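Both complexes shown next keep chain A, but they swap its partner, so chain B is in the first and chain C is in the second.
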Partner chain A sequence: MATLNQHPIRLNIIGTPSVGKEVEIRVLIAHPMETGYRLGGDGNERIPKNIIESIVIKFNQEPIMIAKLGTGIAANPLISVFIEVPVKGGMVSVEWKDDQGAQGRAEKMLVVA
Partner chain B sequence: MKLFVIIVSIFFFCVANLSQAQVIRQSGNTFLSPDMLRQQQDPTLNPVSLWLDQGQELWKSHCQQCHSSVSETAKAVVHFPVWKGVSLTSGKLINIEDQIADCWSKKTGKIIPNDASEILTMSVFLSDEAKGLSVQVREPQDPMMKKHWQEQMNLAAQIYVRRQGRLNLSCTQCHDQQIGKNLRSDVVSPAFLTGFPIYRFSWQTMGNLDRRLRACYSGVQASVPASGSPELRALELFLKKRSEGMPWDGPSLRR
Partner chain C sequence: MSLSLALPYFGISLASESEAQYMQNALAQRYKKSDAIKIEMPPLADTGNSIPMGIQFQAPLQRKMQSFEIVAPENPNPLVMNVSLPNPQAHYQFSTRIRLALSQDVWVIATLDDGSKMAQSMHCVVTLNACFDAT
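What follows is the complex of A and B.
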């Protein structure tokens, strides 16, 4: 319903961001990931397919990971990527888009310690 | 020799009965695998945190004007269900979701079912705020209300030990007598009500206690009561009373 944000998103950077070390970028997206095979309501109608098609994680506008998801991924997908911390920090952002046109994004500053 | 065998078997029989009689008061979290426990404790891994984000927004836009403090409002979570109304015809047991739905309809003028996504989200949000509080059911002060309340409690106690469904099982046979054993691939936990609503991986979403209890009814192939029916409310009261004094775990992760 309209009162709720249907797709909250959490972007987190895990680990101490010191140069040369690894940090984990963790993305948690609220999405039903309907396969299109389930029957709903009175059991005669299929629940329409609704799948996140692509997730792009960018560092300073430069894509560092592009993922194409399919029906095999569970609801509320959790994606995690490990990166080496560069000399200068930057903006980590994530963008996703589903097959029904819904999309979302989040960003977080990676500050080098 | 025969006497010895008899004495030994009597001893083991007593020990077995003794261990059955004692139900250790354990939260459902005790039965989670280490991986799931880690996922539950880490908000960056736990999908429940997405509902908490939604709940935060909903609280700011819809609830904050009247209920100023979240932590004060959330204190009620551990007291529900409560008896509302004086007579048996107009009065009934209501749980936290009924209360939120009632409040919602009063404010917006639209009647909303108690399993609507807004209500569930707000229930998750309040349940999370109530973490760590001690479960304490409130008995009504009025003698007439107390009588109805007690009747509901007795009814639920009967349901709890009544065999039902095609499997001919009662709640107590699994949730008191088979704790720690495997039921399909899951471990049976004692029936203590300390961490609802739950995110269940088999549901792929959050669900309230009604949904969980209905799953139990359907599991033993009994006729499933409707969501929000008095039978489920009575059971909720009984389970909450059973868990009195235990700390509230907040919204939990289950398989």
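What follows is the complex of A and C.
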């Protein structure tokens, strides 16, 4: 099925979420991360810059990581952080924004085992 | 603010060889390398388009890490990434994929909650460059 979503985002929680242990939060965003240095098909014009400027990972609406990205991050940015499992669990969410105004978000429930 | 180091870099549209060397030397002079930061990166990469990079940080006693940045001095935009943690952490593990324009020393500079900085670098050889190819 074709989808209208240009920038699919995948948010995964890896590991067993038991209290006192760490789980990995992995974010993968489908985004070209154009640097603005590459030339287009005819070799005359540069492909306009289009990069994700910020990714914010939140836990229960409280930011736990704020990343500001530059052109030095590879296409389809992948970010993985380890967090300690909180006692009650909660909602992990990710928000991103690029320099052309596109943005996206994803969320996933962290249930303590 | 940790951006103060990196902001002047944004003024340079393309780091020339001497500028990049100057930046490498300036970084090496300014920051003492610390074993508290461990960088995991392949020493040799076939292409600079996507290089996996992992960072492990263990703060000294009674200190926590507030923010860190990844700097690749020989990239056109040397500040690769700046990460700040609203809740400072004593132990932190992070990984991502970066682009490198040339073979170079990649720096990680961490800021602790008392404002002091720690750094570590690792050399990565790139056999095919990113950023400049037309494909």
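Methods note: the second predicted complex is superposed on the first by the 109 of 113 C-alpha atoms of A that agree within 3 Å, B and C clash if a C-alpha of one lies under 4 Å from a C-alpha of the other, contacts with A are read in each partner's own complex, and residues count from 1 in each chain.
Throughout what follows, a contact is a pair of C-beta atoms (placed from the backbone, for glycine too) under 8 Å apart; a residue touches a chain by one contact, two chains touch by 3 or more.
Quantities reported herein were computed from a predicted structural model and do not represent experimental measurements.
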Combined model on chain A: chain C and chain B, fit or clash: fit
Which superposed partner A:Gly70 touches (first chain B, second chain C, both, neither): second
Partner chain(s) touched by A:Asn5 [first = chain B, second = chain C, both, neither]: first
Which of chain B and chain C A:Pro48 touches, first, second, both or neither: neither
Touching partner for A:Glu62 - first (chain B), second (chain C), both, neither: second
Partner chain(s) touched by A:Leu78 [first = chain B, second = chain C, both, neither]: both
Touched partner set for A:Gly15, first chain B, second chain C, both or neither: neither
Partner chain in contact with A:Leu28 - chain B first, chain C second, else both or neither: first
Winner by number of chain A residues touched, once chain B and chain C are compared: C
Smallest separation in angstrom, by C-alpha atoms, between chain B and chain C in the superposition: 5
Shared contact residues on chain A - chain B and chain C: 74-75, 78
Chain A - residues contacting chain C, complex: 22, 35, 37-39, 43, 62-75, 77-82
Interfacial residue positions of chain A with respect to chain B in the complex: 1, 3-5, 8-10, 12, 14, 26, 28-30, 32-33, 74-76, 78
Residues of chain B defined as touching chain A within the complex: 43-45, 47, 49-50, 53-54, 57-58, 61-62, 116-118, 121, 201, 204-205
Chain A-facing residues of chain C, complex: 49-51, 70, 72, 75-87, 92-100, 131-134
